[in-house]
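Since the structure comes first, as structure tokens, the remarks are kept for the end.
The letters A, B, C and D name the chains in turn, as written, and every chain counts its residues from 1.
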Amino acid sequence: MEKALERFYSVFAAWGVPSIVPQLTVMLVVASVIILFISVSVMFMIWWERKISAHIQVRYGPMRVGGWHGWAQSIADGIKLLIKEDIIPAGADKLVFALAPMVVFAAALAAYVIIPFGPNLIVRDLNIGVLFYISISSLTVVGIIMAGWSSNNKYSVLGALRSAAQAVSYEVPLVISVLGVIMTVGSLSMIQIVEAQQRIWFVIPQFVGFLIYLTAAIAECNRLPFDIPEAESELVAGFHVEYSGMRFAIFFLAEYANMFTVSAIATTLFLGGWHGPLLPPWLWFLIKTYFLIFVMMWLRWTLARLRVDQLMNLGWKVLLPLAFLNMGITGLVLVLLG
Amino acid sequence: MVPLSHYLILSTVLFAIGMFGALTRRNAIGILMALELMFNAVNLDFVAFSRYLPQTMLQGQIFAIFVITVAAAEAAVGLAIILGLYRNFKTVNVDEINLMKW
Amino acid sequence: MTVTQAVFFLLAAFTVGAALLVVLATNIVHCAIALVFTFFGVAALYILLNAEFLAAVQVLLYVGGITILLLFAIMLTSRISARGVKIMNEQVGISAVVVLVIFALMAFANLKGLVPAGPPPPASYATASLGRLLLTTYVLPFEAVSILLLAAMVGAIILARREREKG
Amino acid sequence: MNTPETEITEHVQETMEEMYVNMGPQHPSTHGVLRLMLKLDGEVVTEVVPYIGYLHRCHEKIGENRTYIQIIPYTDRLDYLASMYNNFGYVLAVERLMGLQVPERAEYMRVILAEMQRIASHLIWMGTFGLDLGNFTIFMYCFREREKILDMFESVSGQRLNYSFYRFGGMPLDFPESFLTDCKAFLEWFKPRLHEYDAMMTDNIIFQKRVQGLGKLDQKTAIDYAISGPMLRASGIKWDLRRNDPYSIYDRFEFDIPVGSTGDVWDRYMVRRLEMAESVKIVEQAIRQLPPGEIMGKVPKKLKPPAGDIYSRVESPRGELGFYIVSDGSEKPYRYKVRSPAFVNLSVLPIIGPGHLVADMVAILGSIDIVLGEVDR
């Protein structure tokens, strides 16, 4: 990979083109590939979620578009959203209103930089890998607050405030639950974390951490049972009440992209990343990730929504102490074992 | 390469902007934001020094971390004070909050 | 001009522009959003300076923590649709002069006085050594800062808590 | 004059610490076109004012201008989730006014249909209540069962929602042949489904934590506000008109009246959940005892009740559904008044609502089980 890139650059250098041109080209190509992957993956996930929810609820879900079990439904929906009229409410703050979905999507997109799909299939193996994801994901909240505030709607402001409170509270246990793994590996790099799991997946020694991570991750994604920011029956749709058409589609895209990201990170940290017998690594990675996504969908269609105060209690009084305990015990064991 | 002086000038510009904001803003939260800008300018200096001066090694970054921590504490307490002010005065404009006691 | 230089100037322009917006924008929420972009610009500069850990911390704490706190406070205190309010006080003129003087002084000091600007040493992987330094040489300030944080937390909670019995 | 509109304009400058939120008339969880003015302190509701009337259609005034039999289809539209019961209540009132006798078989048919209707109505309630709490799946489950009941009603009356099936002095049509077997099969199939709901709702810890202790309604307030139906029973008062003021043939059946203890949302949920099982019991007994024979009693061609008035009440799925009819001896009622349980029950919302979070408001409102068709009439 690296060598091929270098050869690619040297060809351009031989032609006398400034080095910025090939470098930018490579960046653009990589970014396009990621966006393409996100789009396809999200379309698949939406279709999948509709099928899963339908079968949980003794119905079929989409069956018509595309013939076989309505596989093209998401594409049709996407096209519909694309060609819808772009509505900006009269009382909205237009600039912020337009900017918000982009911020949310940018955060979702940036997180893909560190997802290791395979031994060489990673955009950039940053040495702060996990931390990068954690910090970039906090940008989502800013986007949500921007959306909620700029819509100039009380429901959306309430939704945005709830979302901010929720994200801030669940980020803390999320970070600390991950620490157990990082301490064991002694590195933040995603590649090194995966390579450390050749013999045993971290889900076994770090089971508590895994559970805490999963819970906090679902909360970070604003999905049921933690979908309080959007809570349809209370806040109508939370921060994106006023959004429609393309801008709504971007929020939707970002939400599902985030879902994929948290699952992929969980796979990397706890489920051994791309390790697995027989099948190619990238396939293993996708299988594990989509399994976690399935679990998230499963929970969503089974459980009721928590209340705001219960959510806070769970985050601060249950998950956080547990995460600290997990971290402490991990540290102790590491010291004792040398 | 970018010379160190570029970073220093950038940091100075940021600091000056922050200072101007802190001096002129009416909204207390705006002042707080301007203060954060100044903190950032200082941090940028620290990090730049730690990168360019081999003898300082990582001290610069460590100090930046401390500054960030203090900034977080400052923001939390500052905002709490602003909320308290707002509750008592129904405004967050500092030039209207000119009584020693209420 | 190398890529790094181009990136630096782009980021510098971005950061300064956003910072100007923070100070000059009329709507306080716009200021906060501009502040987010400033923080991001600074974080990107940190990456340019090989301080990746610090960049992540910057984004995590400033964007994920402080800005959100600020936005919270803004929503609690300012009217939802406050437009056309005077944002500057009467000291604009004096302030500008003072700031310009100080800026000139600092710029002069930076350029002439302090450092011989040499080329940077080769970058090294710093995060682990950063952690080691924090827990060995700098453990005392580290603990002091954590006590400061605790005190700040307690103070903030007490200050922000509403007096329920009032009424 | 402190109309809601002036209140809004007065407080539009409020900040987030205290603000007014209009919940409805277009809102996913107001179950129709109800508008709640919520005064919020952060997320805590400090004041609730329900505004009704968006669905008002002069039901009672129209009733004064129609003949007695013409009113029956209008009663369907009262509580459109329990049309059979509205028919039942109205028909019973007129029969009592005129002193008509109803044949045995027709009485049994009425009870079977009415209790099936109660199950269907509680099912909808349970589904939408689950929806209010964010559980979408239970909604689909409940509708699956309700669909079967509606199918059976369709086979009986030809209608799925607005049946207009009860007549003065009896029933217009006998059950179709397959109905009784269908009905038995349904009940057998339905009983295990109740445990399915338990697994999803009753035993779910999130659900329990969400609803326990919410919107407590003490006995005195409940009586003061003339609350009736499951809401009253949830507060611990064993009052069921089928027992306490038996009408039709309800005194012949054995069934329990589930009561709650604290009157919170959880109790209201449990009362309705248990009532479904009791209704199953009643229907089973009625099918077993169903006698052959006439289904229509002797009714004069021209319906002219003697001058006088009557207040007749039945226990609809939502509570005491009363019809007050004043007759001047003509073909049309002189005065026709509906005492709708949903309307009366809703009136207690400003008492039990405040002090809860917005999310809980939704749950409390859901637990009252209102149907706007009946609230606004």
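Miscellaneous remarks
Criterion: contacts are C-beta pairs under 8 Å (C-beta built on N, C-alpha and C of every residue); 3 or more make two chains touch, one makes a residue touch a chain.
Quick caveat: nothing in here was measured; it's all calculated off a predicted structure.
Annotation for chain C: without this chain, the others separate into A, D | B by the touch definition. Looking at which two chains touch through the most C-beta pairs, you get B-C. Here the CA centre of chain A is 27 Å from the CA centre of chain C. Work out the mean CA point of chain B and of chain D, and you get 62 Å between them. Computed centre separation for the pair chain B/chain C is 6 angstrom, with centres defined by C-alpha atoms. Chain geometry summary: the mean Cα position of chain A and that of chain B are 32 Å apart. Counting partner chains per residue, chain C has residues 2, 53, 57-58, 65, 72, 75-78, 80 touching two or more of them.
Shown for chain A are the residues that touch two or more other chains, namely 154, 157, 161.
Touching two or more other chains at once are residues 16 of chain D. Considering their complex, residues 2-3, 6, 27, 29-30, 33, 36, 52-53, 55-60, 63-65, 67-68, 71-72, 75, 80-81, 125, 127-128 of chain C touch chain A. By the touch criterion given at the top, residues 1-10, 12-21, 23-27, 29-30, 32-34, 36-37, 40, 43-44, 47-54, 58, 61-62, 64-66, 68-77, 79-84, 86-87, 92, 94-95 of chain B touch chain C in their complex. Listing the residues of chain A that touch chain C in their complex gives 19-20, 23, 91, 93, 95-96, 99, 126-128, 131-132, 134-136, 138-139, 141-142, 145-146, 149, 152, 154, 157, 161, 164, 167-168, 171, 186-188.
Per the touch definition, chain D reaches chain A in the complex via residues 16, 19, 21, 27-29, 43, 130-137, 140-141, 144, 200-201, 204, 206-207, 209-210, 357-362. Within the complex formed with chain B, the residues of chain C that make contact are 2, 4-5, 8, 12, 15-16, 19-20, 22-23, 28, 31-32, 35, 38-39, 42, 45-46, 48-51, 53-54, 57-58, 61-62, 65-66, 69-70, 72-74, 76-78, 86-89, 91-92, 95-96, 98-100, 102-103, 106-107, 110-111, 115, 117-121, 123, 126, 129-130, 133-134, 138, 141, 145, 148-149, 151-153, 155-160, 162.
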